[in-house]
Amino acid sequence: MEDKNQFFSYEMDTDLALEAGECLTKSGRRAEGVAFEEEEAEGGMIHITKVTIRDQEGAKLMGKPMGQYITLESALMREENGMELCAHALAGYIRQLLPSQWKTVLAVGLGNRELTVDSLGPRVIDNLFMTHHREGEGLCGLAPGVMAQTGMETADIVKGVAGQTKPDVVIAVDALAARSASRLGTTIQLTDTGITPGSGVGNHRNSLTKESLGIPVIAIGVPMVIKAVNIAYDTLHAVLKVLNTEKAFEGACDAIRTFSPQEAHGLVEELLQPSLGDLCVTPKDIDELVYVMGKAVAEAINETIHHREIPGTRESRS
Amino acid sequence: MEDKNQFFSYEMDTDLALEAGECLTKSGRRAEGVAFEEEEAEGGMIHITKVTIRDQEGAKLMGKPMGQYITLESALMREENGMELCAHALAGYIRQLLPSQWKTVLAVGLGNRELTVDSLGPRVIDNLFMTHHREGEGLCGLAPGVMAQTGMETADIVKGVAGQTKPDVVIAVDALAARSASRLGTTIQLTDTGITPGSGVGNHRNSLTKESLGIPVIAIGVPMVIKAVNIAYDTLHAVLKVLNTEKAFEGACDAIRTFSPQEAHGLVEELLQPSLGDLCVTPKDIDELVYVMGKAVAEAINETIHHREIPGTRESRS
Amino acid sequence: MEDKNQFFSYEMDTDLALEAGECLTKSGRRAEGVAFEEEEAEGGMIHITKVTIRDQEGAKLMGKPMGQYITLESALMREENGMELCAHALAGYIRQLLPSQWKTVLAVGLGNRELTVDSLGPRVIDNLFMTHHREGEGLCGLAPGVMAQTGMETADIVKGVAGQTKPDVVIAVDALAARSASRLGTTIQLTDTGITPGSGVGNHRNSLTKESLGIPVIAIGVPMVIKAVNIAYDTLHAVLKVLNTEKAFEGACDAIRTFSPQEAHGLVEELLQPSLGDLCVTPKDIDELVYVMGKAVAEAINETIHHREIPGTRESRS
Amino acid sequence: MEDKNQFFSYEMDTDLALEAGECLTKSGRRAEGVAFEEEEAEGGMIHITKVTIRDQEGAKLMGKPMGQYITLESALMREENGMELCAHALAGYIRQLLPSQWKTVLAVGLGNRELTVDSLGPRVIDNLFMTHHREGEGLCGLAPGVMAQTGMETADIVKGVAGQTKPDVVIAVDALAARSASRLGTTIQLTDTGITPGSGVGNHRNSLTKESLGIPVIAIGVPMVIKAVNIAYDTLHAVLKVLNTEKAFEGACDAIRTFSPQEAHGLVEELLQPSLGDLCVTPKDIDELVYVMGKAVAEAINETIHHREIPGTRESRS
């Protein structure tokens, strides 16, 4: 059944490996190079999914480079005192991705401080406790700004600064675009693959990867928006699905069944894309969300870097 | 054909009388109590639509109180130097709605300064040039904040302040929710009906009307968001329309034609509403949009109030 | 010796009753209508001075209306985790000044949100937890802005709002000007006399008092600036004092002794006042100071209002 | 007369070469290596002083490196529409200091975005129109943040970025500390000597000079604060001067004349320094001042870089 196995390519248009993986699974494709593993923390209140892309075929299917993607999901992130628990859990996973030996960590807050939806990176930097200038090692970091603000490729700025400071690892923080509205304010992604072009809320970023910088790059991303056009795709998808399955529409659906995903997709593209292209979907209280998430990610990095002597705190909790 | 004449009630879920009017027209309903008038300004660069709701039946059909609604539409609002022209045109229309005799005007900036999408009102107040404290008449104003910030009904605060300052007219400024994405950054609505409950980006506001305050209330509103669920409705609408008209799908569409608007609407409601309810759709550069629109509306009010001795500037331009 | 007993009137140019009292004492004047009482909290870490002005003569000498002035001083306010203790102690004293029976409290944040040195009041309001809109009683509040922003007397706005909301007591928060640099970031004043014209960082405020509003007004003030001209006075004062007492200058000082305080004061006035009049002296990190103090005062009010059922918490600690 | 020629070393504690020069002149010292030149622009409304330090002796006397210092002074900077004229004049002088051939300019905004008094540099960067990312040459820039924010020497960040971007010249912008209150909001300094350690509102910065970076560094500085202790020195100075010259005090002043500058200085140091050390003196509306000056300096740089094809505009106006 060709139709059933096909999946919409737009569904892969997400910065979350978790969502790309779900889409892959749903499509029924075999993907031997992609492994999924799940675990829980804080007594089941935080759900962790580890997606590992092991080979080039998996990378192609997933639309993401080979490596490990750890996603923390929790309703706690929306609760007043839940954020601390999430930050602590995140710290444990950052520690897993750090090289076994390191002296200096360079944190990079990507994005545009002036656009709320894209300001997560700079706000994380604002909340980090830097120590490198005093101790000659430890944490240092900067929020380089975006290309329109600096006139320079962000990757060039980071490369230059890393050349002077010689960090052992870079931690890059960025706002992400997700596919599903339910990700906003509930999800944090961590990966050892660095930052790849085209991801993030802002566009056209260059790579920040081990290949481009010569040192490992851990990326922490938090979904802040979904693209407006995705709402349109989802609507259509939902309707087609209903038409194909619900008994109530059985009679009416012989025709629509001939309406292939590609045709539906093409329609949306033609009809809605132009006016939706520049729009993004956010919670009304995005300002609050950025504030809370910025503090949480910073707390996690601070805990990881400044208490590295304390091993195993996470393991005993997860 | 009942189905064809029916229109979706959700389509009326807009703060813009212009959009409600379009929807009414599209539905084919007769609405003798609703009059439309169009004009241009700045050599056709600004399009003005005046919707007048003359009787209670019109008010019921439109879902808005009786009165005059003037909408300025222009691509100039998105251009660097176009905003001044729009502000000037707006000033002319504010002047039309002002009482013929006035000494003191109280401007009220509704909304929440801390949420970008809802901060238009406070920002307009920030840019007004107040004179009442020096001259005993002229312009005064405040941004009362929203109920969660003050613990008080905004209407009560305005009532109290108006009781002390005794203005002849109130100008209330608010961020609006539109139906169509194309309204964002291109549209300003002006009305002599004041502010009615349920409108605006923030919810559950009380009335600020001539009835509740005892003096005329002019409201200036600027669409800042559309509700995410609207994108879903639009998608469905577009698809149904295509199915009904495009030759390419002719064969496939006999069935879908029996899929009534209500059924489609119900599907969306059931499938997407829960996850989309709290989300809003905005331009990615909403921060910039609020900044530009806040200055423009303030300039228009400043021009209206402080140069009232100069009559007829607008007429010669429109 | 008339000269020695004389004190400089400029020394009384402070918003802190504590400083005015010190100046009075130093001058050797008898002031039977002014009583001083000291106590400690948090194991001596917070020093509290209660100044009570009992009669009109005391009020005239102190340059402040009759009533009670409670000043909390503590180095804790400058320490990372010390602020909570100070907020808790402050809550206890606010409770002492509240009427024994109250249902609704109106908090008023005076000052200009846009000028850092004058933004304490608005920031406190930002951090309050309002309940009046939900419960019909409890806490409500607003930051009315300053006269240049609103075109209205702040007192008129408060009067109007109080007329609608009918609070039992007003708590007004304002940034103060102190005489001594050592007050910045270490001192909070609480008084039952309300706000009197000419006090605060911003000028020309009208009264917010029991007389003007008809209900008790508690004022919480935090010194944020000292006037630049005070530094000049202090210098002169210090030098004259040294000349009069230090042995090293004995020979040289016969002449300067004839240089009376008034003459010295006149000199400063003439030479430095013009260029210093608009300047204020602040810590370089005033932005941080306003942030910390704004949160602390808000915490104290929140604790006072929302946990009023818990009696005696403070007493057991002081 | 040794006493008369002596000048207070603290008087040299200013970031403005103009003030250091005035102090030198007042002291009566010969300084053959320091040349002064004055000119006017905008019909006398802008006063320009060029101080050139030609040799090492001059540098030692002035406490500043050899090079050219151009100071623009104008009351226009405080007027609503005057800033544009000042920005235009400044652009002309920046052009004089630029190398004759350049393709890429790197602008660096020094200082701390979070502290109003130290935020000029970052705000200038916010207002620059960057072109290097599109054209491969032209303007690029960044606000690196201060050491406590980044954990890195600012000079290292700039060095790293310059190593990638290969600019022909750096323009560094910084907030300065002046000696005299009359400089605040009226003065802009331009120099070809770059940034030297210890200057600026923030402390302990490393060099950004031709020596350290290998390319010319133009520095633009705007006085934003004066140190509080300077007010004390000025008071004493003013009093001593009066005692020495005014007839009224003639009899009393024989003694004080023996009170040498050093003794007076020592007194202030001992008595006032401790409590004044961390304080700075600013206009109450420093927030507004930073906003206006940030825009003006950015406009000047934008004009210089982006309209370089238009020669001689300034000359025809000055």
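Going by the order they are written in, the chains are A, B, C and D; count residues from 1 in each one.
The rule is short, and it goes like this: a contact is a pair of C-beta atoms (placed from the backbone, for glycine too) under 8 Å apart; a residue touches a chain by one contact, two chains touch by 3 or more.
Just so it is clear, the structure is predicted and the values come from calculations on it, not from any experiment.
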Over half of the interface residue numbers used by both subunit A and subunit D, so same, or under half, so different?
-> same
From subunit C, the most remote chain by mean C-alpha position | A
Distance-wise, how many Å sit between the C-alpha centres of subunit A and subunit B, to the nearest whole number?
-> 36
Please report how many Å separate the Cα centroid of subunit A from that of subunit C, as a whole number.
-> 49
Geometric centre distance via CA averages, subunit D-subunit A, whole Å = 45
Do you know which subunit D residues sit against two or more other chains?
-> 114
Which of line, ring, star, complete or other matches the graph of chains that touch?
-> ring
Given the complex, residues on subunit B that touch subunit A span 114-118, 180-182, 184, 201, 225, 228, 231-232, 234-236, 238-239, 242, 249, 251-256, 258-259, 264, 267-268, 271-272, 275-276, 278-288
List of subunit C residues in touch with subunit B within their complex | 114, 125-126, 130-134, 138-145, 147-153, 156-157, 159-165
